[in-house]
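Each of the next two complexes has chain A plus one other chain: chain B in the first, chain C in the second.
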Partner chain A sequence: MNSEVRTFGIAVILFLAAATLPLISSGYLLSIGVSIAVYTVLATSWTLFSGPTNYISLAVAAFFGIGMYVVAGGIDLLPFPVLVLIGAVVGALFSAIVGLATLRISGVYFVIFTLGLAELIRQVVSWGQATMGTSSGLYVLTDFTDPQIYWALLVLAAVVFLIGWWIGRSRLGFALRIIGNDEVVAVHSGINTARAKVILFVISCTFASITGALVAPRYSYVEPTIAFNPFISFQVVIMALLGGVHRLWGPLLGVIPFTILWELISANFPTQTTLLLGAAFLLIVYFIPHGIVGLIESGIQKWKGDQHG
Partner chain B sequence: MEIIIIGLLLGGTYALMAMGLQLQYGVARIMNLANGEVLVAAAFGTFWFFSATQVSPFVALIGIVPLAFVVNWAIYRFLMLPLVKRAKNQGQLEVDSILATFGISFIFIGILLAVFGGDYLSYSYMASPVHLLGETYGLNRIAAFLGSAVLCVGLYVWLNRTRAGLTLRAVAVNPSAASLVSINVVNASALAFALGGAVTAAGGMMLSMFLTFDASLGVIFTLKALVIVIMGGVSDIRGAILAAFILGLTETVVAILVDPGLTLAAAYVLFLIILLVRPQGLFGRRTS
Partner chain C sequence: MDNHVTTQPALSIQDVTRSFGGLVAVNNVSFDLHENEVIGLIGPNGSGKTTMMNLISGALKPNNGEIRLYGENIAGAPAADIAHRGVARTFQIVRMLPSLTVLENAEAGGVFGHAKMWGAELHDRARELLQRVGLEGIENRPVSTLTYIDQKRLELARALISDPKVLLLDEWLAGLNPSELRTGIALIEQLANEGRTIIIVEHVMDAIRSLCSRCVVMSSGVKIAEGGTAEVLADPEVIRAYLGDENA
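Right, the complex of A and B next:
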């Protein structure tokens, strides 16, 4: 209990420290801060589902884009907070449909289905806009400033962490870890595996939709290729894996270095980003399969072993 | 009628592409998400060969197929095999191989972008009209269909009539039982993976005769091939061929009657129907 209070205290201090960023800096540093906040929410909520279950979801961009599109489409009609809520509900409903259709069967089919999901929605939205005769681009003109968006994202990140902490202690989290270890065992212990997976998938995707909705004002111009950019999914997966998916705070350790590194890479080698992203995938899979968390933990283990030995 | 024939012609070419993926997933048990990129690379290679020499694209097969075989063999031997050995169970291997082949697909795209740039590429070969049952069709589509059909039949006969084919089918059914009857499972899997890559590359060459390609298109073909393989049942080539025709027809119907931009949506609808109604595939047997 004592160590839990201490961890919680450290988390609050770090959260408050992160919240002061807009007071210190406004330009470039803040924009990196917003990116880090976006990817922290996306990668941590991705890990809530994909970490314990080992079901790799490549659909983050689809749900991120849904949230963004709801805001972009309705900004002239409804107030922003209502739109964020609608975005969350639409994302939740859609992910429930996808989850119910694919998560009852083996994991591979789920991965394949999510792989093209963003592209599928992009095609359907483009087609819908073309048939209805509206232009493909939408303007999101609000008076929200970057600091406001940043703080909103920070609060969202805190909510994700709290929910993740709660799930980790609940029966649901326990069930998911068993599913990840051996799904047959989970079924035989009386766990309703499909239900547990769908619930977590919906939670995870809803956060992606809220994130998309919150950052929509930053883009000011939204069209299908921007909102449903599959690269977002791939970056989220790679950041989470880099950090480590077996601890709640793992993805954060991947998000921060990767976002900064990626800023530098896309500024200096704009034409080679795909190649480098592929190389990063391979490096992580072959050399740091348990992420930075895994490196730290095995380091501590070794150090403790030396102390006793 | 026109729709049916165009759909069947397309389906025949899809069948070839899906057989490649089926060899890789069914025998070598690697879900290869870089499959579509091999196909696009072959299409780009054909484009380059034809633009440079003006010789028939079919001649390009002589270079493309062995090259794809060697490259895919190397991918299996040096990148997949360590994962196979490291994995404690099938689930772990699936996750690792999906992530690794995903990385490989990005590297392919990056190389293609660096060499050919991001433009759409196509060439014009045998683009003359052919009259068939009162309608006209591009000769290149018919040639691609015939070429694919020859290769499909050849592969089918090879798998069912030769000892090497029997070996691959044995590994597909049960790798550990296959090793009991002194089959070298590692070699057989590497052969299947390499052969699958070569077949996919041949499919890419066929498709390049009548489709327009750009470097980022691979994932679409990976998805289509996966939908076909799942629809047909993972271990049955007849199922894949039938499924390829179904997909080809559905896509053509949607493209002509609704909108050409919705072909992926058509594939997804088929995918959903299969997942909900018959997850083991058309010819697959229900497993535990």
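Right, the complex of A and C next:
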């Protein structure tokens, strides 16, 4: 309990420290801060589902894009907060349908399906806009400033962490860990594996939709290639794996260095970003399969071992 | 045995058939298991014993027939439902949850199945059962450090924590050395003495003799004998099935 209180205390201090960023900087640093906040929510919520189950979802872009499009499509009709809420509900419903349809398929088929899903939605939205005779994108003009978006994302990140913490201690979280270890043991232990997976998938995807909705005002012009960009999905997976998916705070340790590195790469090598992203993925999987968390934990263990030895 | 006849069986297998393509793995098999009874399900390799266990626990669905647990037909129900209703099992090849601790492996059976526990109650019960099967003091170890028999013990604890109405032990004693075997048999004997209702699939005949009052013998998917263990094991047809015709 004591260590839990301490961890919670540290988290609150870090959260408050992060919240001061817009007071210090309004330009470049804040924009990196927004990116870090976006990917912290996306990668942490992705890990809530994919970490314990080992189901690699590439659908983040699909749900992120849905949230963004709900805001873009409705900004002239409804207030922004209402649209964020609608984005969350649409994301939740859609992910429930997708989850029910796909979570019975496993392994590589699930990965491919989720990748295809984002592409499909992108194509449908493009087609829809073309046939309705509107332009290829939508304007999102609001008076929400970058600091406000940043703070909203920070609060969202805190909610993700709290929910993740709660899941980790709940029956649902335990069920997911059993499923990830051995689905056969899980069903014979009485776990409704399909239900557990769908619930977690919906939670995970809903956060992606809320994130997409919250950052929509940052892009004053939204089009399918931005909202449903498959790179979002890839980057989330890479960041989560880099940080480590077996601890709640693991993805964060991947998001921060990767986002900064990514900013540097895209600023200095704008034409080679894809190549470098692929190379980064290979290197991470090959050299640090258990992520930065794994490195830290094995380092601590080694240090403890040395102390005893 | 007579007093069982009038009471409802704990488990009643009625005309159950399961085939894979052209192969009939279980062919029209029927038998009953009564409460507080330990029966042996024996037969040569490939005779359909494990398929039968998979049909009872819901890992497979029968093509035909009924499987009644205290009167309720569970044939074809999802495995998780069958676990809820009180059937627990171990596996022919031991199945551990490698990223979980010893304690968590035991607890895995007690949260969602027939018995539903959480928190302190779950921890206490899991510790109690670990002690019961001889794994006290290593609750927080990763399971990868366990020996084979300890993994088997742990799997038994995971099955027992759900307080099952019917326990299926699929070659739980296989692969143990002679001294481990003695410990293992003693452990199951204790369960039998407590009045647990158990089906044992086993090749170790000493274990069958000392643990089971009754046996069902399968060969090539068909039930070829059923009755008191001593007489069944002396049955020429059973000996023929096990040893082949030339030895009979």
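In the analysis below, the second predicted complex is superposed on the first by the 309 of 309 C-alpha atoms of A that agree within 3 Å, B and C clash if a C-alpha of one lies under 4 Å from a C-alpha of the other, contacts with A are read in each partner's own complex, and residues count from 1 in each chain.
Definition applied: a residue touches a chain if its C-beta (ideal position, glycine included) is under 8 Å from a C-beta of that chain, and two chains touch if they have at least 3 such contacts.
These numbers come from a predicted model, not from an experiment.
Placing chain B and chain C on a common chain A by superposition gives a fit, with no clash between them. Once the two complexes are laid over each other on the shared chain, residue contacts for A:L276 go to chain B alone; chain C is not touched.
Counting the residues of chain A that each partner touches, chain B and chain C differ, and the larger count belongs to B. With both structures placed on the common chain, the touch criterion links A:I112 to chain B but leaves chain C unconnected. After overlaying the two complexes on the shared chain, residue contacts for A:V159 are found with neither chain B nor chain C.
Of the two partner chains, neither chain B nor chain C is touched by A:I32.
Of the two partner chains placed by superposition, A:I288 touches none, neither chain B nor chain C.
When the two complexes are overlaid on their common chain A, residue A:A18 makes contact with neither chain B nor chain C.
Annotation: superposed on chain A, chain B and chain C show a minimal Cα-Cα gap of 7 Å. For the contact definition in use here, the residues of chain A common to its chain B contact set and its chain C contact set are 182. Those residues of chain A whose C-beta lies close enough to touch chain B in the complex are 54, 56, 101-102, 105, 107-109, 111-113, 115-116, 119-120, 123-124, 126-127, 130-131, 182-183, 230, 234, 237, 241, 271-272, 274-282, 284-286, 289. Those residues of chain C lying in contact with chain A across their complex are 57-59, 78-80, 83-84, 88-89, 91, 95-100, 104, 107-109, 111-114, 118, 158, 162. Per the touch definition, chain B reaches chain A in the complex via residues 31, 33, 79, 82-83, 89, 91-92, 94-96, 98-100, 102-111, 113-114, 219-220, 222-223, 226-227, 230, 259, 261-262, 264-265, 268, 271-272, 275-276, 279. Remark: chain A residues 171, 174-175, 177-178, 180-182, 184-193, 246 touch chain C in the complex.
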